[in-house]
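In what follows, subunit A forms one complex with subunit B and a second complex with subunit C.
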Partner chain A sequence: MSDALPTKPTMVTISINGKEVQAKPGTILVEAAAQAGIEIPIFCYEPRLGPPIGACRMCLVEVEGMRGLQTACSTPVAPDMVVHTNNEAAATAQDGVLELLLANHPLDCPVCDKGGECPLQDRTFKFGPGETRFVEPKRHFPKPLDLSTEVAIDRERCIACFRCIRFSQDVSEDGQLGFQERGAGTEVATFSGEPYESRFSGNIIDLCPVGALTSIPYRFVSRPWDVQNAPSVCGLCPVGCNTELTMREGETKRTTGRPNPNMTVEEGWLCDKGRWGYPAAWSADRILRPLVRDANGTMVETSLEAAVDAAARLIAASSATQILVGAASTVEDGFLAQELAAVLPNAAASRLGFPDSADLEPLRALPRAELSDIDTAGAVAVVGGDVTNRHPIVELRLRKLVRNRGALAMVGPRTSPLDARATFGARTAPGQLSSGLAVLAAALEGASAPLIIWDEADLANEPAAAAELARIATAAGARQIELAVDVNGRGLRALGLPCQTAPVAAGALVAVNADPLESPGAMAWADAIDGVGAIIAVATHRSAITERADVVLPTLMHHEVEGVLVSTTGRAQRLRPGSRGPREAAAAWELLIALSHRTGTPLPFRTPAQAFAAVAAARPPFAGLSYSVVGDEGAPTTHVAQSSAPQRSTDAVGDGIALVVTTEIFGDAVSWRSDALVSRRTPAHLVLAPQQAATLGLVQDQRARVSSPFGTCILPVVVDAQAPEGAAFVAMGPPASGTSALLAGEQVPVNVMIEVAE
Partner chain B sequence: MSIQATLKGFGVTFKAMLTKPETIGYPEHKTPVHPRFRGRHRLWRYENGLEKCVGCSLCAAACPSDCIRVVAEENHPDERVSAGERFARIYEINMSRCIFCGYCEIACPFDAITLENEYELSEYDRPRDLIYTKSQLLMPHPKSVPNRTPEAANG
Partner chain C sequence: MTAADIKAHIDPIRHEYADGRSLVLPALKYAQTEQGWLPPEALAAVAEATGYSQAYVESVASFYDRLYLEPVGKRVVSVCITLSCMLRGSDELIEGMCEHLGVEHSHGAVTTPDGAITIQEAQCLGACDKAPCIQVDAENTIGPLGQSEANALLDELRAADRPRELWR
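Entry: the complex of A and B
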């Protein structure tokens, strides 16, 4: 020890159970003890929910010189503190708290879904009484009740720790949950008595330290010792939340947040789509058997071997081959498509999704930030996009930013539940983002660690706004987060896969998890598809392309495969299989390699890890990465400027009013396929401002015919007083709703004509 | 070899011919087993007919040879199967793997499973006949075995 002057210490030394522990000033005792490997039992303490509230009293410890016992979850360390977590006073208190918590607890562990992974069981085992002295009848409630269609509540088991309530009040800020009644009658309920409705409701299941809140789709499905858990990532949106997949007998039975959350990405929270999307794997339209079109033109089921052989024969017989990779394909799939195209004669690989744009380069060249940087930013500007529906977890981060007293600016044409929380918001007319940017400079100027969050599609269609935003951000020294359109759009672009915006002419088409007939530009493809010689569809579910295909090869969904996805912030993260998938299906990477073997030039890869190693060696954005480097937490890719990105045409095509599209969180194909989300699904619809609807002669729920220069569809009308005038807002809905017909493959801005549908 | 040795040998033989044999004529006659002998499993019902098993899978967790498979389901109020909130929709024991350790019996919080005394479990087909299903396990084994009474056991 040096005898330095008594300045503000950078570390304080305390003693816990006689052990010297160094901790930063302000560290909570529970954390300081954990760093020293000493466990203090807790229930309500959860830093992700905000400041500690000391509700459960589980963490009582003795601090010498302080009167009574202290709650270690809300006591910060102080210099020379002497703490006892297991002396007689502390141990008796902890034992006593547990005995009281258990007095009214039904102890129905054998029938409780939490049994075996229950903090209350574990703490009781370690710190609690061996037996109960409480022999009187316990409190009883009818059980279980449905708190929502996905969450069941068993009020007898609740220990009133406030975790679920804090989530609802302070994290998702829906404010619906609260305690009702008092004393032993205390119960968690919504204030209105209506079901709990939140896009993030499933998180309270993960948070509940007892079995009071359980998942209805997972109800009684499995017990912790019957399953294997795999750390994976969600493949349903570009955010890339880290998940844990629970597998029993070869099938995914549940998706939860990771037990040790990735604090850089999702912080342990999942949206309900990510949590309950996995049942889409056994929806009725899942392709379970390979199909080959016979001489009469009917599709017949065959073995996978025979179907791959048939596909290889079709490719070999074609003069040219186009391999089209879907937007949610893994990096390995994209790379192997490129490699296969390189060894086949006259072949090319491309991706289906949002096109590249050179105009976004100035924004992408700005320093990159992670989602966790939103928490600590002084000011964040969100330009365009629809985070609530398309990047749901970003919404939670933005809410936290506001709670942390950061400034939030929302600019763009769409309404958002965040508008109410924004310090500054500008609702701009479609195509007029620039008009909202003028004031942004002031909002970002002088803020600490400012951030811009910008939407790929909205800014690609407004190059002037993109350039202006890049200038403002540079001036303010802001970092940037891109809101990507496609799940793995970033990863596939980084591979150098060009975007396919127009139909291919002839030869064989290999569509890997891609359906151009149900994507923007669908009408052009529908006209051109007859000219395609042979169609080989590698697909998970039936869709327009599998109906037209000559060979259908069943493949695996994102929770069934091994691979890497690149998130919206540019993190490469690993998918790990949490299910074996249908017996006759194979991963796309495996099918691509098999096709290379059968067409005469075998690719030198046998596993996705080998393919990814080759990606790292051959593609600069992935340099230095490997499966072990990516690990459980992910690793950033580097942005490499795309010199060849084409200039986009950005003048709106067609007559009428501007079309603004979004996809609602529960409005996509997965939500419509998952039987766990039946009550949450939203169909495609058209949102109009009241004035606009009146001019068009449309009322709520009426059917409107929407036509663009590219196609037409009929949609129910929703009249929304919040919606800005002068624009048609279309929620895309599942593929069958035909809304993608309105858009061109280039996804340029479109104007639409709207009329009453007869 | 002398005649004495031969006679001595036959002496033993003749003596044995006159004593009561120790062997038992199985399968016509069976050795009585001790009451705590661990043989084939049995699942139990309450007197009102409801199954005691709630499908908690603790037996499967305790089983060292991993031969129990339980798939639970929620009880329907109109058609209750068990006394608890859940019941075992599938309850299977792979008898060809079971080592009759009785840990499942110890683990069961509802005394729903016990190991009975029957030991004649041989079959011709392992997957078809030796994976006992719940309905089989809920029935007593057709071939019962004699039980050794305490007196007999002591005597």
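Entry: the complex of A and C
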């Protein structure tokens, strides 16, 4: 690509409404006009959905010398073109198109969720007729139907622009939406009226230029003039999609894609978990009040002041203090934990999550790519992982790659809906990634701008494959994208926070959004926890650690705080609060600073911005960054080699068959807490291939006892003909499922014994 | 009808269509010959045979009046109601035919309770010179047609055996 000769770098000069406009050859008129500050009205035009289709006729303009009017959304600029977007011919046509679109439109704006932020409304005001001449009865459909449990469709409002259908057919490629009937009777529908089932269904709500598709959880909740919107990022997976949070009365009422999508990251798409995770803020197990254990050992509610004091006293009275931050904590929280540990006597800070691995250094040292680079790659090799469930938006990019005729190679033990789209895929046995790599080399060789996408956990557990993959990528000149395990694992690692893989024994434990009793290594922690002197839990929701804690400090979720997360591709991106959160809760950064004051060793920070400035000064990966540099779009961190990362032990421990850890997109804590995702939740379960199940004497839905050297849990069995034989695929489920008992804190490969549970 | 049957029908004519999507139509018409209409399973088979999504196939099928997504009679009689035919009495003709069959005239399609005949309104059949005219399934257009001739034709259709393949 880059070495192609610059063919026509020259600009084309055209005239739009008498204004001279320069545009790159090939620019679509709508875009050229927008660059010159001229709005041409559109409905169906949406470049993220693929080539223009000219369905709505809203964008008619006059081009001198061309017969009839042209659709500006599908007409590229040509030298010396003279365009009129608002002369009489164009204006009459635009007015006419709107009058026709409105002829059958119910004009029920006063009761429509879209009212006030509706392109149809806005364009009618600006370009349309003030009145209708249509006196005949309008078409009628029964009022909204549920297209799915989250999306409602009001067919009377639809203007048949095809956007939702193109998303379903051409972007998420779920193929479920289509138009039925024709003419005025045209309606968006699924095959046989089945519910629309897609991991990305909510995007059609953002795309619909009218009020035909609306969010059921947001139904009648607010009006655009009653809300404030905050640009933020989703903190539910390491991709870090840019979001917009809609706040009313201090609460987040909605999450949408940004109106100005971040084309480098998510392109404006969100997965349904990111879109409808915010109601987890109101789940029954949310911690609303600070709690302190009294002399009788019972937890009593108290004020935040009193609880912070109690926590500080416990810390002061302890011989040692361990501050443990969770894997989704912000950079500021991690940094303040380090700073607090530095000023407290005999204290240390560490993180919970996937351990560092020196073996990944050769991969991390390769030139880094962004998700947008997938679009233009000639070939992409995905090694390990499960993007569909763990990095959902990456799936959409990979689908686009294939539509762009790039080659997609998939290697790894887990099945994927992308397998059908892959140029070639190799299902490797657990621990055998290397066996699939030879074919990869062939796919990457000679391809333009090749990329490798590799899974942190899978490659950390197979150092030989990591080394081999790095060699292949180097030979092919490929750049790399890491699929990180933890939401902010990259950010916390870049701070130099060591990973806590074994329980701490004595003193005080401050667990900040971290529950070691519900994480890998849970059994070892359970054994050791009685030896811990005092437990202070900074947490959003109740969990095993808050039950054991001496002090519980309620804290805020990602959509309620300010802070920075580092995405899977290494971009630092800002969270901004779209909610005040519970009255008695405070951000973790604030609680850490408060604790520093109450322990008599005050830290010199008062805001997360100050803390982040200190991070930039003190931690080389963040050098040069600040809140303003990170801005709304994010900015890359710098990779700094970790010379001190420990060597992992990667031999599988235990007898039996290999355990492959999987995650379901709607199987995590947020999905189980958000009442908007009730119909999507998946519990922890065990997936076995048919032969494997038969050998073990297990059938579908039966309960199996799964035991590793670390612990045991009981799981329902799913027999899946697609799954490779010879392995146990354990979908981890939400934290309290008990599945983490099977793993060690080191997250080394394990084998499990499986038997029928009585 | 299975996807394999449909594939066997469209494969030999594939070269006649520049765009694979155009093949959906002959595939649907063929799939309909078995039951005379397209139940969801038939649409699914067409989707499988052509490689397009079920929603897309259903969307194509729902566009055309001669592709039926609900059960219709053994024979389908389309009565033209467009201008030429209307001026020559098609309104009365269709009323009379419905009366003869003992069914209520509707603007859509109406089927006799015994499932023998469906009467439906059609737009211009391209045989204005034969107005008023009707078409039986995909056979020749017949006209001009008086009421008694039309009724006799209906009786004849009712008595005849079901065609092996229901092309319509």
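FYI, the second predicted complex is superposed on the first by the 749 of 758 C-alpha atoms of A that agree within 3 Å, B and C clash if a C-alpha of one lies under 4 Å from a C-alpha of the other, contacts with A are read in each partner's own complex, and residues count from 1 in each chain.
Operating definition for what follows: contacts are C-beta pairs under 8 Å (C-beta built on N, C-alpha and C of every residue); 3 or more make two chains touch, one makes a residue touch a chain.
These numbers come from a predicted model, not from an experiment.
Asker: For A:Phe191, is the partner it touches subunit B (first), subunit C (second), both, or none of the two (neither)?
Answerer: A:Phe191 contacts subunit C only, not subunit B.
Asker: With both complexes superposed on chain A, which partner does A:Gln169 reach: first (subunit B), second (subunit C), both or neither?
Answerer: Once the two structures are laid over each other on A, A:Gln169 reaches subunit C alone.
Asker: A:Gly115 in the overlay: touching subunit B, subunit C, both, or neither? Say first, second, both or neither.
Answerer: Touch status of A:Gly115: first partner only.
Asker: Name the contact category of A:Gly178: first (subunit B only), second (subunit C only), both, or neither.
Answerer: After superposition on chain A, A:Gly178 lies in contact with subunit C alone.
Asker: So, A:Ser232: does it touch subunit B (first), subunit C (second), both, or neither?
Answerer: A:Ser232 contacts neither subunit B nor subunit C.
Asker: Which of the two partners, first being subunit B and second being subunit C, lies in contact with A:Arg219: first, second, both, or neither?
Answerer: It touches subunit B, and subunit C stays clear.
Asker: Shared contact residues on subunit A, subunit B side and subunit C side combined as an intersection?
Answerer: Shared contact residues on subunit A: none.
Asker: Given the complex with subunit A, which residues does subunit B contribute to the contact?
Answerer: Going through subunit B, the ones touching subunit A are 54-58, 60-61, 70, 72-74, 84-86, 109-110.
Asker: List the residues on subunit A that touch subunit C in their complex, please.
Answerer: My answer: residues 168-169, 175-182, 189-192.
Asker: Hey, which residues of subunit C end up touching subunit A in the complex?
Answerer: Subunit C reaches subunit A through residues 40, 43-44, 52-56, 58-59, 62-63.
Asker: List the residues on subunit A that touch subunit B in their complex, please.
Answerer: On the subunit A side, the touching residues are 108-111, 115-116, 143-144, 219-221, 223, 225-226.
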